[in-house]
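Notes follow once the structure below has been shown.
Naming follows writing order (A, B, C and D), and every chain is counted from residue 1.
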Amino acid sequence: MKYQEILQEIHEEIKPFKGEGQIATYIPELATVDPDKYGICLHCFDGQEYTLGDYEEKFSIQSISKVLTLSLAVSKIGERIWERVDVEPSGDPFNSLVQLEYEQGIPRNPLINSGAIVVADILVSILDDPKEDFLKFIRSICGNESINFNPKVAASEKATGFRNAALANMLKSFDNIKNDVDTVLDFYFHQCSLEMTCQELSRTFLLFANHGTQYGGTEQILPRRLGKRINAIMQTCGFYDEAGEFSFRVGLPGKSGVGGGIAAIYPQQYSVAVWSPRLNPKGNSVLGMKSLELLTTKTGYSIF
Amino acid sequence: MKYQEILQEIHEEIKPFKGEGQIATYIPELATVDPDKYGICLHCFDGQEYTLGDYEEKFSIQSISKVLTLSLAVSKIGERIWERVDVEPSGDPFNSLVQLEYEQGIPRNPLINSGAIVVADILVSILDDPKEDFLKFIRSICGNESINFNPKVAASEKATGFRNAALANMLKSFDNIKNDVDTVLDFYFHQCSLEMTCQELSRTFLLFANHGTQYGGTEQILPRRLGKRINAIMQTCGFYDEAGEFSFRVGLPGKSGVGGGIAAIYPQQYSVAVWSPRLNPKGNSVLGMKSLELLTTKTGYSIF
Amino acid sequence: MKYQEILQEIHEEIKPFKGEGQIATYIPELATVDPDKYGICLHCFDGQEYTLGDYEEKFSIQSISKVLTLSLAVSKIGERIWERVDVEPSGDPFNSLVQLEYEQGIPRNPLINSGAIVVADILVSILDDPKEDFLKFIRSICGNESINFNPKVAASEKATGFRNAALANMLKSFDNIKNDVDTVLDFYFHQCSLEMTCQELSRTFLLFANHGTQYGGTEQILPRRLGKRINAIMQTCGFYDEAGEFSFRVGLPGKSGVGGGIAAIYPQQYSVAVWSPRLNPKGNSVLGMKSLELLTTKTGYSIF
Amino acid sequence: MKYQEILQEIHEEIKPFKGEGQIATYIPELATVDPDKYGICLHCFDGQEYTLGDYEEKFSIQSISKVLTLSLAVSKIGERIWERVDVEPSGDPFNSLVQLEYEQGIPRNPLINSGAIVVADILVSILDDPKEDFLKFIRSICGNESINFNPKVAASEKATGFRNAALANMLKSFDNIKNDVDTVLDFYFHQCSLEMTCQELSRTFLLFANHGTQYGGTEQILPRRLGKRINAIMQTCGFYDEAGEFSFRVGLPGKSGVGGGIAAIYPQQYSVAVWSPRLNPKGNSVLGMKSLELLTTKTGYSIF
């Protein structure tokens, strides 16, 4: 079956679930989004792009940015990064301080908040102009100069991000933050405020589907081994407290954000991004999860 | 390349790591095993069997049995099992009581000890003669009547299994054990004492490679959906505190045991079992991990 | 003012609180008690005994027995006991396993369940006939041969005591139980089932008011230093999760039990026991707490 | 025996322990203190003052200040304070975040760091000029205008106080900090930097020995009930992880600081302050603990 038809079918079949879930409201800026938006975009290794709905609308990618900062960090310092953050799934909520205390300041993985803050600290250390250089990195992968932070969302994150400030200070107390805490948090809150469309996000994730080499190009942005590593981390840690459920239902490496976005890949086959703001109780997009489950069912591609 | 050559190559390439790791000694019976044993067996969907080393020697499969009891339980009660045990990875050690206390007696997944004890309780409830019926189930899948418990190992587990007894009583205090605690533990200690060869284990795991249908037959032992579910659980939870590392290095759903065995599958391609008693600090076979990493590298099959 | 008048006044002043609180029902045998019973008995160092209400009625002393087993154990092995159990207050509920896991099997103090189980194990090790010898010890201090276990309560404790069985097995896994787990638990469940009247309990606690020397006699049952130690432990750890509150409101070393009893002492002045089965949400007798608070207010004796 | 002789005797008897313990070095400013300083001062209700050694030398009172901020706060808002901080001992280290996470942002008591930060927040809310007004309060109780913060110590605390910043942000995330986090921490770091002599500290603690009424005066600074409450909290929570040990060995309500100071009281009898910078592994002054233990032994005053 053709992908475009599949996207149409998915759009039909998710209709019964459209009112389910709640939009994230923990920061005021996120609460203003239309909860009924839905967009999806898939980039296939046959060179085609398939789209549907609000796929050209910008949304706050939030935690999906953690995969992007991780990529930039490993492209710079390689395997040394694992000295400061582990690669194992966490049984605790994504912003828990308990694990951090018992494991002496080493986050379980780079996709929980504490891990992402350590990655942010690494970027602050090695980049000349961290926020600008990070934007350049994303723009370059995606081939789109319009990608930017949303300063209002970043400010909103900062004004309410006390749990993240607690994590950052805790990490600093274990000497696993090397820079000024406020500087690191400023970077972190900005990365979370990054706005992208499904189209841009899917195009960006082609990098991971292609094991670290720019799709359609030849530049090896990540060593192949590290591209696979990031895929493995997304597979086991990408969905907060629902990693096992997602792994089963969808069976693709991916990452979700509380803005309602999910990006996922099938290595050497396709990348896909879907967006719908209503979240299930574990913080993942209801229609996004459903759409990707249907996608792997209908394409017959599943890693299990 | 042919699988047999690959197994030979692996055997060569793991030689530098042969003295690494320690044999499990927490029960006296396990400590008597020759630490330098090594066997591997692979069953391919082309119908061939590939073997090397001590692949016909029985060893204690220990925690690998958790996948088998889980399979029998879901074949009997289906999805209802998830009311009593979750499917998410655990960030805590495999026998931690902390998670159980904070999550009110619901184990994180069926492959940590607490989860496997709940599964054992379910089997004690629904089987007429639990130990005998479980043996029949394994013998039937494997097509081998010789498979049996090792009563000395079971007795040894019981004599030292206080942490497991603590877990079982804790579960009972939350009413997530329905039968007598000692009866459930007796079953659990017996399942851990199950002895199989690499050949038998690999043949048995063909069931999971084949999504729940007996390989070479037509009997649907597990509904396809549940076969995939078990694969997903193995992928995210099969290697204790090293699930993320294994997921990255090997990239196959699998399960290890402290007896030094590992069984893994590539859906619709092959099943494989490897055995080498020396364990790394996280309790997984050193040469087993290394062998499977080389296998997926050499075959080019990897889910990432 | 005379003590007898004070007891009368207390009895009047607690009337508004008579319906408050719930009787313990976690074991069937405790649930059969008349919730409106109330008795109090005070032994003064002037040689007098003051009583009121149901002070001659037997009740299940439950956790108050922990002070008695501790006394017998320290009378036998002295300060060595602190190698196996600490003397610090616990911020966790009285039957939590978390603390035990993080502190490697050393209970925080001998008045939480895990600590009392270690003390029970010590007694099982050193007494010829543990249950009988413990009874003899209590009967001797109290001067009353009628004191006994309630076998129905002990059986009821056993039939529901899975959390305690979990603690005992956990302790065993850390090698902080030396005997058979079931034997230790049998002793522990029996000690909890001990039945005494307020009169007997108050007379028994004269030992602690008198720093370890039998009141009216000369026998030094506990070295003075250890008598004081037990008082200090009661002060900081005697009231589960309400030690701070009791310490403030009453200001006496004491111990409560879920049977509704509380025993307390004022060193060199008096011992007192009060019984009323209705418990506050933290498991302490509502009228018992209130009575003792009024007692220290009216007598003007308070350690603060 | 006369108190002055007792202080002399104590001074003799602690000599064998003089080299024991380590000076606090977690902030550079504390590390510069002469570790062999020793001073003691006792104010008796007979109107006399007894002194020995370096009793007129200023030192950093650190956590002892928590009792003073608590006093000022309860003098202003009374019992309402317990809505925001509990009064129970904590089994966790004094700066643990775990308890805070599980108890939803309510600190166990006002003498652990998280509790003291909440008290600091309360003072920031109700005082016009928090730091200055707090100084006035202490100066007034102590009758000494020279008492002041040490700005270098406060700056040093701030430069290294990431664990406290983590606690403050965590409390803020649970809405148990009402003011700006940095403002609250600035106050907290200043209160910890307060410098007093043993003489000044002992004179200040007469307030607690006298149940909230200024000694030698008539002003009821704290309601009697709240004065007793603070004594009870010091008794059960004043010595970090060593509250039980101190309660037993010394048997007085008191509070220690990592600067090596300890202040304690015997209600209606005396207040005492001792200073010696070498700390035991739990953070309490070695010679300070020893001195107070000898004091209660020699005076025969003990609450147990």
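What we mean here is this: contacts are C-beta pairs under 8 Å (C-beta built on N, C-alpha and C of every residue); 3 or more make two chains touch, one makes a residue touch a chain.
Given the structure is predicted, the values throughout are model-derived calculations rather than measurements.
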Copies subunit A and subunit D - rotation angle from C-alpha fit, nearest 5 degrees: 180
Recurring contact interface, reference C-D, options A-D, A-B or B-C [over half identical by residue number]: A-B
Reference subunit C; chain at largest CA-centroid distance: A
Approximate Å spacing (C-alpha centroids) for the pair subunit B, subunit C: 47
Distance between chain centroids, defined by C-alpha means - subunit A, subunit B (Å): 32
Whole-Å separation of chain centres (CA-atom averages), subunit A against subunit C: 56
Subunit B, residues touching no fewer than two other chains: 102
Which pairs of chains touch, using the document's own definition: A-B, A-D, B-C, C-D
Residues of subunit B touching subunit A in the complex: 86-92, 99, 108-109, 228-229, 231-233, 235-237, 241-245, 247-248, 251, 253, 267, 302-304
Parts of subunit D lying in touch with subunit A, wherever the complex brings them together: 96-98, 101-102, 162-163, 165-170, 172-173, 181
